[in-house]
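One chain, subunit A, links the two complexes that follow: it is found with subunit B in the first and with subunit C in the second.
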Partner chain A sequence: MGVNRQSPNWVLLSLMLVSVVAWLFLDALNVAPNRIVPGTPYTSLEVMGGWPALLLGLPLLGVAVLAWQPSRKGLQCSLAVVVAVLMLLPLWLAAATVGFVDADAPQARVGIGSALWLLLFLLLLAVIELRTRLGVSRAKGWLLFMPMLASWWLALTLWLEPLALVREYRVRSDQFASAVYTHLMLVGAAVGVSLLLAAVLVLVMRRQPAVRRIGFAALNFLQTIPSLALFGLLLAPLAWLGSRIDWLGNMGVSGIGWAPAFLALLGYSLLPMVRNIFVALEEVDAGVIESARGMGMSRRQVFVQVRLPLALPVVLEGVRITTIQAIGLTAVAALIGAGGLGTFIFQGLGQAAMDMVLLGALPIIALALVADALIGALSERLRLGGAQ
Partner chain B sequence: MIELFDVTKRFGDETAVNAISLRVAKGELCALVGTSGCGKSTTLRMINRLIEHDGGEIHLDGEPVRSFDEVTLRRRIGYVIQSTGLFPHWTVSRNIGLVPRLLKWPKERVRDRVEELMQLLGLPVAEFADKYPRQLSGGQAQRVGVARALAADPDILLMDEPFGALDPITRATLQDEMRALQARLHKTIVFVTHDMDEALALADRLVVMHQGRIVQQGSPIDLLHEPANPFVESLLGGLDRGLKEAALIQVGERMLPFGPRLLASERIPYGASLSQALSVMLWHRVDRLTVVDEEDIPIGELSLRRLLGAKAP
Partner chain C sequence: MTSSSVTTRAVATQRQWLAPLIWFILLLSLAAGMSQLEWLFRLLEPELRQVIYRRGDFLALLGRHVLVVAIASLLAVILGVGAAVAVTREAGRDFLPLVAQLASIGQTFPPVAVLALAVPALGFGTLPIIVALLLYGLLPIVRNTLAGIGSIDPDVHEAARGMGMTPRQILRQVELPLAAPFILAGIRTSVTINIATAALGATVGASNLGDPIISGIVNGNTAYIVQGALLIGLLSLTVDSIFERLQRRP
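Then we have the complex of A and B:
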């Protein structure tokens, strides 16, 4: 503290400098009269006379200066500035939109340009970097994003109707809700069922070394098949099953749709799940197990009271990885008609409508982040073993 | 009483323990010493059947260990290991209460017993009961380990290098406490260590193992005086053997009560060891010490001649 010269925080410094350059020189907005005509790009300096853009860039330069010789105070200050800028961004966007779009062009749509996306991304990274440097706890860290979310919500409900993303959403709000639902159901089912299956499989594997070898080999092999190929492989047998066995057919089992998607997801989820549960159980400190047995605990008692609770955080780590992976893979499953958020991505790609792609991609990223945070927090709690 | 008759254990082609016979009388502390890998831990674990023996017989109070259910057997035997093996997700008091709870003691009795043991081992209840193992120092954790092993008041205690991971000062403290504890509780203890000083300080009977066999056993003094072969001799300290023996004898045993003429200038407590007395003499270059009791009152005299074991002039 204090007297010593601190070495510059290069991460923060470069994040800030790149942010400022991107913000001032890349396209911030893209305005089109309707969905078909390509829009005109504008940099932030061309919007509202440029002053607001400069005013928004100045604090970031300030943070860059503070990063040159970081002190705890300076870092706290930087965090406040970055959070504030993140909060101001949607408001700036709202002001720009209101200013740009005439009342007599009801079809006009505003696209978010690369400058804004990049700024958003870089500033979020900066928040994470500062959070780590300052040792902010996980729970408090999430609170940092609240002002930003609140201001986005405000801007979206009040002023951002002309935003292309919003327009895409408005025409498909029902479809969107059902896509989110399908996506969550597929992920939930795949993760849930794979957790159960993996638990059973691991219990057998721990008893039988032969099963262990074959099991891991098979799962590893499954993992190497590209997802689209796996969907393809499942197509024929499932179509056959669906047509031959009535009740399966009635459930909707066929070569395309949810059934092959679910099976493929299950296949991919099984390996990380099995591997984590297996390692978690094996890795429990041998001394602890030895003393548990030495004290006279029965096999069951050792497993239920010692091995399992100590393995649980690592098991949850497996659930976390599997869930995030499944959220991403489910997007691909849209290609075989499984539904879910991937539908928007592929339709959007087909129509060259980037905003529709975003309508699918952004919620997928959000889902992954939320799942990551929730399960991570749970596992951290368990790791503390109830202490503190 | 623990008896081993021709006990053998093989792991694959390797014979870890080779036809050893051993008898540990009730209330005796038997130290197993030897270089690492010589089969000490294996011998210990065969007694509570964490490892099953391949040949020979192991008896507790005259009954073969195989005649007991293994879980019941282990609950009757305390077990302490070097890494403590405390459950990291349980508090200190829950760890200590493990065996009584396994034995389905009523709640209050478990609680009382846990508090009694924490006091016995110098762990203030208010401070430590709700701590988790990772919040303890090495010495505190091993105290909890010993308390846990004693919880159901077993007659037999198996200890596998319990103080091996501790710093020298903590280790010496725990050895002293261990000796005091044993003087009170008279457990039948098998104590594995590779630290000869620890073995000499604690053991009633010393068993030296080498490559799965017992090469010599007897009281520490017997082994010091008549090591069976050069291996035992070097294990016992070679040229340092004289000092090691002197460390086992108290000043009080050799002093001349009610010193004559003048008090010697340097003092030594009567409970100190002869090796410490010798050290004081060397340091101050004197050949006479005044022996004092706990209140620092002179009660005798120790001359170099008497220290060496010669009769008084």
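Then we have the complex of A and C:
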């Protein structure tokens, strides 16, 4: 890789130093006797005599030392250390929680403090940095996060009952499950229907330049309107339709609920979808089409057997963008009563219950990241398959 | 240059600014004269006593909305372009892969979630919104600036150095001008998202154009919702058409 052995890896060095300082001196935990009373903050050094915190901090200093003169071996070592610390963090939290809550009332709840969030964030950055430096492949890169996820899962199911986030979840686990379901259904429906509609639209656009011009202009226009405003503007006509036309009203169409949410999501989803499908079909090399025609393929065969497979990765990129966008917009749709994970965010904000906000926001981010990774992996596979 | 060609050019310029101007005038006159339209909103909600949102003057709400977005976007441009320039210099190149990856991973985070997370960290009010808008707005700007600087042909670089330009001159006279269309596109994306996300700020205690919408949803008053939505829509169309115009400049 041509890395000069003498020059320090400043990225890793600074990440580690900031991590250690944040970890030891910012608030790691926040213990409250119940949901209403604000809690008392504790730094990691005040938990369990402080030595477990130091024990977690020391290896990070070791990584900083290794980063001073980075070698491939040193970087591999660092990666192992960072992954291990990420795995130990939930266990530390579990131990700390058990220690605190036995002494307190059963209503007590533990909040995660800035030190822990920051450490988590910086160490994840370190994993990304090391993954890039070592040239770890995409698939193996995801495996690096598995020990951490497994250990969080273990800690959350077995020991982290008093964690405020878990307490919020326990109270509304049914509601949570149905929120995830509604969220996924809305996103799935919007992406699915927009894919079909966009495909039809593109086929027409390829024939009719006028439709192309007007179509793109209209979709661009729509994309500019902020989601909250579009949800709002759809509310009035749908409320009117729902109250005037019986069968629409019976289906549940009204100003509030799934109907305006779905329509708005569909509108936003169409632009990225149409643009990508259009570009994908246009950009297939003219020479390839020419030679396929030369081999005696019919127009239809060329489209189905040549143009479509070659265009697929770009189409998938459109699906990826649309899905991620729809996951975020569905959260906003909770404001107009469409349900989904956004409900927790806005209810939590309304009650100033921050853990409830987290209960909505963290799964939304997780959904977006997972969707991004899955569709990204799929399109990479297709691209490689096409190249072979 | 003859005087007639100057006039045609002036007319052409005027015509190109026509769309932003029309949207802007519509926006201002609607914000100023909303109460004149009471009869119209009366049709929408015939039973309700009050059909014009009165808890805040629309012009003041518009002003605060624009101010929050402007502050956040300005800071995002300074920090974003600054960061992208810093990691493409010799001294900061170590940070390039991480910053590039962070900018692309960060964009998968939904803006609502970022706004929601800013509240536990910073509390209610205008400040958390500005911070959330700033953080989220950075990403497209960093990403596009990096793409713009990265797209410059190494030969151009070589030629500039051969002409005896200093690194600072290369940055200011070669790299930034060539990357400008990319940067502008990034700023446009960033500002568009910021206008939309700022409206959601009404749920975390900021008073802006999102206010009438949220209040209308809570009180079941469709007229309030439509008033807020129309103004936000017009604001985004105004800003978007300005960017459209700027990007078309040869």
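Methods note: the second predicted complex is superposed on the first by the 377 of 388 C-alpha atoms of A that agree within 3 Å, B and C clash if a C-alpha of one lies under 4 Å from a C-alpha of the other, contacts with A are read in each partner's own complex, and residues count from 1 in each chain.
In this text, a residue touches a chain if its C-beta (ideal position, glycine included) is under 8 Å from a C-beta of that chain, and two chains touch if they have at least 3 such contacts.
Only a predicted model underlies this, so the values are computations on that prediction, with no experimental measurement involved.
Undergrad: Using the superposition on subunit A, decide if subunit B and subunit C clash or fit.
TA: Fit.
Undergrad: On subunit A, which partner touches more residues: subunit B or subunit C?
TA: Tallying touched residues of subunit A, the top partner is C.
Undergrad: Considering only touches as defined above, state whether A:107 meets subunit B (first), subunit C (second), both or neither.
TA: In the superposition, A:107 contacts neither subunit B nor subunit C.
Undergrad: I'd like to know which partner A:285 touches here: subunit B for first, subunit C for second, both or neither.
TA: The first partner, subunit B, only.
Undergrad: Rounded to the nearest 10 degrees, how wide is the angle at the Cα centre of subunit A between the Cα centres of subunit B and subunit C?
TA: 80
Undergrad: Once chain A of both complexes is superposed, is A:295 in touch with subunit B (first), subunit C (second), both, or neither?
TA: Touch status of A:295: first partner only.
Undergrad: Touch test for A:309: subunit B only (first), subunit C only (second), both, or neither?
TA: first
Undergrad: Shortest C-alpha to C-alpha distance from subunit B to subunit C once the two structures are superposed, in angstrom?
TA: Across the overlay, subunit B reaches subunit C at a minimum of 22 Å between C-alpha atoms.
Undergrad: With touch defined as at the start, can you tell me which subunit A residues reach subunit B in the complex?
TA: Touch residues, subunit A against subunit B: 285, 287-288, 290-298, 301, 306, 309-310, 385-387.
Undergrad: Help me check something: in the complex, which residues belonging to subunit B touch subunit A?
TA: Of all residues in subunit B, those touching subunit A are 48, 50, 71-76, 79, 81-89, 98-99, 102, 132, 134-135, 145, 148-149, 158.
Undergrad: Quick one: in the complex, what on subunit A touches subunit C?
TA: Against subunit C, the touching part of subunit A is residues 9-11, 114, 125, 128-129, 132-133, 221, 224-233, 235-236, 239, 255, 324, 327-329, 331-332, 335-336, 342, 345-346, 348-350, 352, 354, 357-358, 360-362, 364-365, 368-369, 372.
Undergrad: Along subunit C, where are the residues that touch subunit A in the complex?
TA: 44, 94-95, 97-98, 101-102, 105, 108-113, 116-117, 119-121, 124, 192, 195-196, 199-200, 203-204, 210, 213-214, 216-217, 222, 225-226, 228-230, 232-233, 236-237, 240
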